[in-house]
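Handing you this structure, nothing more for now.
Chain naming follows the written order as A, B, C and D, and within any one chain the residues start at number 1.
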Amino acid sequence: MGKGRVEAFSDGVIAILITIMVLEMRVPEGGTVQDLLPVIPVFLSYVLSFLYLGIYWNNHHHMLHTVETVRGGILWANLHLLFWLSLIPFVTHWMNITHFARIPTALYGGVLLMAALSYMILQGRIIAAQGSASLLKKAIGKDWKGRLSPLIYLLAIFLALWTRWGAISLYVLVALVWLIPDRRIERVLSK
Amino acid sequence: MGKGRVEAFSDGVIAILITIMVLEMRVPEGGTVQDLLPVIPVFLSYVLSFLYLGIYWNNHHHMLHTVETVRGGILWANLHLLFWLSLIPFVTHWMNITHFARIPTALYGGVLLMAALSYMILQGRIIAAQGSASLLKKAIGKDWKGRLSPLIYLLAIFLALWTRWGAISLYVLVALVWLIPDRRIERVLSK
Amino acid sequence: MGKGRVEAFSDGVIAILITIMVLEMRVPEGGTVQDLLPVIPVFLSYVLSFLYLGIYWNNHHHMLHTVETVRGGILWANLHLLFWLSLIPFVTHWMNITHFARIPTALYGGVLLMAALSYMILQGRIIAAQGSASLLKKAIGKDWKGRLSPLIYLLAIFLALWTRWGAISLYVLVALVWLIPDRRIERVLSK
Amino acid sequence: MGKGRVEAFSDGVIAILITIMVLEMRVPEGGTVQDLLPVIPVFLSYVLSFLYLGIYWNNHHHMLHTVETVRGGILWANLHLLFWLSLIPFVTHWMNITHFARIPTALYGGVLLMAALSYMILQGRIIAAQGSASLLKKAIGKDWKGRLSPLIYLLAIFLALWTRWGAISLYVLVALVWLIPDRRIERVLSK
């Protein structure tokens, strides 16, 4: 079975999630620069979540390039990933209206953790379906970025209960690490 | 006529529906674990509706794999299905804000029932268009899952007026039955 | 230039419009049948607007089947159509919260009129681009449905100022006329 | 790597942005013509933002026609463009509820400026990837429209602090200049 609709559906969901968050940015009542100031932290957390969703879209895009056919199990693993991604606007919004309180900041990490784990499950499913000569397995190699990220999220969740800015710094750090274009899959595919 | 746009449009509508429901999850004002507790039943009903929409997308995806060309009647049968699916966020939301009152819980089953019936109509239309050698007809076989589900919804609707948790258990049960990847169409197609 | 993205973009916009309207259906606070009663007219106007958007998607789908390449002018004529369609949720919502007051009911017809005219402009553009052997021109023939509809909308707009239910009956009537699957394009294409 | 998903994702995001803005148009409580009057400036700013998003979609559509394969850097440059476009509904809304106050009107220009610059970055990335025989480079030529627009936005931002209607006139002017179908890419491609 072709992968076209899996890509199209995932693109649709991620496109909606990335734009829904703008709707959550409350427009200030007044029209001065002072009125805009409280929007800045909200805006920055929007940028962070935009980056995360962009990274997932980017990686998803690359990962599916190695796939030719899709079976039932992969469809559900993909929906599972989309489910956790769909909670990113919710936790971003909660973090914002509570001014980055401890529990919401920890939950933000929790959703990132679950998204990362569900991404690994999807990756594992695809590798299993591709068999011993799996292109994707060759492409990701030791996958240190994929393996380390959940550990950092876990650390950040505990850190959030003690120092929120420490947790947020870790979230930003992981995003920046993933921002560096990942040439692994491109390299393997071009061979 | 090609089926590409029917798939794309259906993907778009289902992708929007599945993400709209997150918007309806009210973010708590406070930032403590206690503030999050009332969100848990809302979250669970979101998970249930996410599952149902995911199941419909999944089955729709498989069903259209057996289709080559699409005619006017199938387009409308498809829109009819999308119409009932589009009411899922509404009834999910009503069930949530009334804390699973009897009527909203029954109406949730009513929308599931109508969606199931409109799915069967679409299925019947496709089988009729494919003629006597219908691939889809061969694939679904006796279709006991498809035939039994509306009866269980009907039972759940009446049960909701008496015991809401009985009805909700039936909704969960049907979702779980459909979650098991359905290999029928894949098997017939791979031959 | 290919028509793929024009179809994809139009599908996206219409899919969003058709689902946005559900968001506008206010969920009742209470959980009884009585609480649901005021939602019924809102629901019916949602059904009507769903039908109209479905008809436009359907006709748009058929019309673009006759098109092979798309040029700048057609892109803008298409965006022009999408613009008027995007106002349907707004007028539907205004009609609903004012309980079908005269001006909102007339404006609903005004938006339908503009959508119909912009559809005709798009149709004209495509026919002009296809030249003398235009498939679309052959398919639509005398196009009495396309020509009559704007006149009925115009009549309904004036009727709305005097009797709203007369206007609404005309809106329903036109929708029903268009609901009958239009085999013209399918017939010409299959030759 | 194919460009299909980059187009689909961009189409999805722009389609959502263009329709989100309708949601922001507050429906008047009353049902008279007088109730509708305050919506008119909101409506006009919606038209302007619709035009801008339509122009970006149109140009993006043409630009990607010259592209065959897409690499990591182009994906991020594209997401960067979508990020700034995603802020258009926010600034449109802020401008509306403050009745075109100076700072919101200037910020509207700021977002247009950033969108224009990010479009130029994307264009530059594509030209660099295409190498010395770049089709896109040939198509855009001296690109006076692309180069002049950011300067006019910059002028409008400063003008907004002094006279808002001067700034808005410039925004309208640039939109009208871009509305004229741009045949450059079509001409180069048809050779």
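Note that a residue touches a chain if its C-beta (ideal position, glycine included) is under 8 Å from a C-beta of that chain, and two chains touch if they have at least 3 such contacts.
In this text the structure is predicted, and so the values were computed from the model without any measurement.
Using the mean of the Cα atoms as each chain's centre, the chain most removed from chain A is C. Judged by shared residue numbers over all numbers used at their interface, chain A and chain D contact each other through mostly different positions, with under half in common.
Between the CA-based centres of chain A and chain C the separation comes to 37 Å, rounded to the whole angstrom. The centroid of the Cα atoms in chain C and the matching centroid in chain D are 26 Å apart.
Contact with two or more other chains is made by residues 8, 12, 16, 23 of chain C.
Contacts from chain C toward chain B in the complex involve residues 7-8, 11-12, 14-16, 18-19, 22-23, 25, 27-33, 35-36, 47, 50, 54, 57-58, 61-62, 65, 179, 181-183, 186, 189. Those residues of chain C whose C-beta lies close enough to touch chain D in the complex are 1-2, 4-6, 8-9, 12-13, 16-17, 20, 23, 71-73, 75-76, 79, 82-83, 86-87, 89-90, 93-94, 97-99, 101-104, 107.
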